[in-house]
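Dropping the structures in below, format is structure tokens.
Below, subunit A partners subunit B and then partners subunit C, in two separate complexes.
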Partner chain A sequence: MFSWLERNPFFFAVGVFIVIAFAGLIEIVPDFAQQSRPVAGAKPYTLLQLAGRQVYIKESCNACHSQLIRPFKSETDRYGMYSLNGEYAYDRPFLWGSKRTGPDLHRVGNYRTSDWHANHFWDPPAIVPGSIMPAYRHLYKNVTDLETAYAEALTVKKVFNVPYDKDIDGDGKVDVPLGTFEQAKKQALQDALKVAEETKRKDLVDMVKQGKIPEVVALIAYLNRLK
Partner chain B sequence: MQNPAIEYDYTVARWFSYLAILFGILGMGIGVWIAFELAFPELNYVAGQYSLFSRLRPLHTNIVAYGFTLSGIWATWYYVGQRVLKVSMAESKFLMFVGKLHFWLYFLGTLAAVVSLLLRYTTSKEYAQFEWPFDIVVVLIWVLWGISIFGLIGIRREKTLYISMWYYIATFLGVAMLYLFNNMEVPTFLITGMGDPLHSVSMYAGTNDAMVQWWFGHNAVAFVFTVPIIAMIYYFLPKESGQPVYSYKLSLLSFWGLMFVYLWAGGHHLIYSTVPDWMQTMGSIFSVILILPSWGSALNMLLTMKGEWGQLKENPLIKFMVLASTFYMLATLEGPIQSIKSVNALAHFTDWIPGHVHDGTLGWVGFMIIAAIMHMAPRFFKREIYSRKLLEIQFWLQTTGIVLYFSSMWIAGITQGMMWRAVDQYGNLAYSFIDTVTVLHPYYTLRAIGGLFYLTGTFMWAYNFFKTMTASRAIEKEPQFASPMAA
Partner chain C sequence: MNWLSDNVNRLALLGAAAILIIVIGVAAKYFKQIKEGKSEGVLKEETWDGIGEYKNNSPIGWSLAFMGTIIWGAWYWLVGYPLNAYSQIGEYNEEVAAYNAKFESKWANPSKEDLLGMGEGVFLVQCSPCHGIDATGIEGKAQDLTHRLLKNEVLSVIQKGSGALGNPNGQFGYPLGMMPPGLLSGADAEAVAEYVANGFKGNDKGAQLFQSTCASCHGPDGRGQNGMAPNLREYDDAIIKHVLEHGKHGIIGHMPSFKGRLTPVQEKAVATYIRSLKEGA
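After this line comes the complex of A and B, so read on.
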């Protein structure tokens, strides 16, 4: 059979394809539907958090930080409750990372504050002596691209039925409003002002008041959400 | 050999060889640089935000995988393909055109994609960072390569496909399948008409996204760093040594075994994550089984040298290839060990993982591409290799570099893994996270020095190749086996 295949390239290629496609089908397909179910009460990212998540991705924070707490005592002691499947239901893409050059961040919102982050991004070794993380000072000047974040939120709402503008927990109120771009932007500016004030940095507050959200503020809003 | 009338056309093979050298220096250069950044963080700021570790790390991985390695693969494809099919590229204007188009689209596409990464356009998925327009370019490049493979097969004289051809075909199919499914993304601008036109959002969410990504990620390693490199060694080692492949049956077993088993192993990247437990176990078990076909190929190559080990002393190219085989064995033993659940609990997220990857990439992929291109150089230019001595020094320098690299990363990884889980007498964590970072400084330094050794070797390779092209003694006819080289 094999020597016949080696003289018939078309059938050879078909054979190879069947053999390599097999594993993917069996491993990925069976649990696909179940895996995309959110845990009870999980809410999609607000516009500001989503914009912050885009900053996290743009700066490749996931090159050094994981967002996956494994079910070991040493990890739950250090980072909190181990990660659950349904907590990631609105994560497109997933950001588990593969290397902890720095610590895990999946529940960083539980134990770090906005002003801690604002000081830390400015000069990490000043806050954590011995840290090898570089400063991200350009994030204090760059203006957050809310439009792209809104485009992403609207896309996932339309294409994947992510529950924006919906009552998720059944208390009769909309949980995460999105609305039009103008409405969403207004809400994001309000949220950003709160974060900026928490950072106690006047330059950040001033920028938000002028209608421009510094990227670091959006990023902190995202990190605060990780709980 | 039976048909000396065929004049093979090496134009495209030559171009891809230049590119392999160029991308090799660039990708490895960035790698060494970011290795030093981990040891000496002040280096992060030399070019403002453009030299931050997090910005450069995807650049390093993408340039070495998709710049250096793919160029090497295609340099050898446009050389080996013609020779094992007994047909010249010059016989078909169409295939020649496709080959050249393939080269230019690839060169410009890769440059554009690299610039996009530098400008923060990334999907965040490892080895699949390129945003959607670049993914489309990658698909076009791949289709062109497919046309080249099956076009050349269509006009072949040698009816039976040689072992290397099996592996090139598998590379083509495997990467096509993996890349397409993992890069399924929705461009947000096309849906909403707003925001950045280059931005997209993944088709899969959370755990599903992770499963697809590591099914891709692990097997991109299979079909870029393993399968096509085996294609190379099955051609170049027998050719350079003048020895027939040790066993056809072993090559058959290894090929089909590798094809079937490799794809299952992706689950070992997700052990103790939120993917189903049965899948983690499958990933773990199949990773261990994977030793069989991997060692099958490697042993087949080593046994090809049976009775001819003397050549190892005389011919540096044989040295490179035999050590490549050996590093392949090391890496394919180390990987399965790391896939065992209890070992993975310690090793995952630590520096042992990049250590493992570099055993394979520096020792196996790098050495094989270096040897293949130096074997082709005398055939490209009808000149002998410029300097055997330089090749020898390069070999030892790079080997030392690899040893420094993996030994320091073993120690760093295991140290960090042990410290993360260490507890004091009351059961409290013994170390804060920063303790586990500062302790790694000497190993990070050592690793960077190892990388610097390897990079220096790469420069020597580039110089030797350039001198072979321009200043070496001419030879009358194409050498049949061992490549001629000046002392």
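After this line comes the complex of A and C, so read on.
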């Protein structure tokens, strides 16, 4: 067999590649498969959070804000526990970002509240002196596109088996319901009303009560989810 | 020849000359060997297409290096990698442990100035995004920390009781428990609220009502009887520590918990700094 390989350099090269790649396979793949599993307690995004995530992408928040806390004392002091791979299991695509013009947002839900965000998006320098973040007042008028968000949720549910409508933590209850579009929309409106009331802005509450979710409400729901 | 006065230049020149001489010497040795050298040693019996090979022992240095590599390999497989492998999280944990140890020894007995400086630093990073860098709460968007209580806050608690603030046992879980709603109403409530918000000054009616209605829990001086009920005069260490650890649902909004983000010394420092902000303090 080896004399045959010596006469066929191409297959010899293939054999060498397999032998070397094997080491990589047994060292890298099992660890990777383990680490990319969702961390315990991770749940997929609700429809409203997913819509907010799409607003986040649409407004290119990731151009200035990262979502990745590195294991350095200086970072964990400021942002909280360093990020784990499994926390991004339901992120498609991940929004790690590569530049920090603004602060990291991976755990912003732990230390900012809905009313803070509502004040801040309206006029950032008034809340954080010296901030160069622009105001995002159009988000208070634009209506969230729930159809696209639902399409994304349904796609990842069917194609990637993301556990919507399933009991994830084993307490006998469905953790993140999705259902039909009508059911999902109803749930999103309920969630949005809660967030809108937390912002203490009457215009936002009124819009949600009319069945229109302002983009800022969806975005705040998404940011509150980042923990 | 000015450049020769520099030691480094002289050294470099010397080095260059040495290299040249050594190269010429070595080259000459090998040329001589090629011209005059004769092969020595014992030939092996086998030949390969007529080409023979001498019997040579392995060089001693090579053999030692080979054996050493085998021994090192066994050590690395069995001990080196499993027990001493680098881990980024491990380095992080060491960094944090070293920092915490240093922090604790350095600030074991902080003076008031230390606490004030540390408190200001922590406040600017962790608190000022909501409470503002001057701690006045950014025009009502968060608690005004330069005052212990504002009139509308006192009124709200008198009307709704402390249970309405979130925790059914009262906001902060003091031994005396929840403050019931509606202890006072109308002009009486207004008078007490004004008296408390004004820093326990002026307003005789409010002072009298406070002594008859509020003092049984909050103490005649409003300082909460050493932790039995909330101190209404100033932000004491206990209330700051409690709010930092549990967060707060007040009439303004929701403050998140900062549990695990600050050390006990830092919490004390924040409380000290906040007390120093009080007007006229």
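Note that in this section the second predicted complex is superposed on the first by the 191 of 227 C-alpha atoms of A that agree within 3 Å, B and C clash if a C-alpha of one lies under 4 Å from a C-alpha of the other, contacts with A are read in each partner's own complex, and residues count from 1 in each chain.
In this section, contacts are C-beta pairs under 8 Å (C-beta built on N, C-alpha and C of every residue); 3 or more make two chains touch, one makes a residue touch a chain.
Values in this document were obtained by computation on a predicted structure and should not be read as measured data.
K.L.:
Tell me which touches more residues of subunit A here: subunit C or subunit B.
P.N.:
Touching more residues of subunit A than the other partner does is B.
K.L.:
Looking at the overlay, what does A:E198 touch: subunit B (first), subunit C (second), both, or neither?
P.N.:
Touch status of A:E198: second partner only.
K.L.:
Quick one: is A:D115 in contact with subunit B, with subunit C, with both, or with neither? Answer first, second, both or neither.
P.N.:
second
K.L.:
Looking at the overlay, does A:V19 come into contact with subunit B only (first), subunit C only (second), both, or neither?
P.N.:
first
K.L.:
Now for A:V29: first (subunit B), second (subunit C), both, or neither, which partner does it touch?
P.N.:
neither
K.L.:
Tell me the contact category for A:A40 with respect to subunit B and subunit C: first, second, both or neither.
P.N.:
In the superposition, A:A40 touches no partner, neither subunit B nor subunit C.
K.L.:
Contact-wise, after the overlay, does A:A126 reach subunit B, subunit C, both or neither (first, second, both, neither)?
P.N.:
The second partner, subunit C, only.
K.L.:
Would you sort A:G80 into first (subunit B), second (subunit C), both or neither based on which partner it touches?
P.N.:
Second partner only, subunit C.
K.L.:
Touch test for A:M1: subunit B only (first), subunit C only (second), both, or neither?
P.N.:
neither
K.L.:
After overlaying the two complexes on chain A, where does the subunit B footprint on subunit A coincide with the subunit C footprint?
P.N.:
Comparing the two interfaces on subunit A, one with subunit B and one with subunit C, the shared residues are 71-72, 77-78, 128-129.
K.L.:
Over in the complex, which subunit A residues touch subunit B? Could you list them?
P.N.:
2-3, 6-7, 9, 12-13, 16-17, 19-24, 27-28, 31-32, 35-36, 54, 57-64, 66, 68, 70-72, 74-75, 77-78, 83-85, 87-103, 125, 128-136, 138, 145, 147-152, 154-156, 158-160, 181
K.L.:
For subunit C, which residues are in contact with subunit A within the complex?
P.N.:
Its residues touching subunit A are 88-89, 91-92, 95-96, 99, 125-126, 129-130, 133, 138, 141-142, 253-256, 258, 261.
K.L.:
Over in the complex, which subunit A residues touch subunit C? Could you list them?
P.N.:
Residue list for subunit A touching subunit C: 71-73, 76-78, 80, 82, 110-116, 119, 126-129, 198, 200.
K.L.:
Hey, which residues of subunit B end up touching subunit A in the complex?
P.N.:
37-38, 41, 44-45, 48-49, 52-55, 57-58, 120-126, 150, 153, 159-161, 165-166, 169-170, 173-174, 177, 181, 186, 188-189, 191-192, 194-196, 199, 201-213, 215, 252, 256, 259-260, 262-264, 266-267, 269, 272-276, 279, 282, 286, 345, 348-351, 353-354, 420-421, 423, 428-429, 433-434, 437-438
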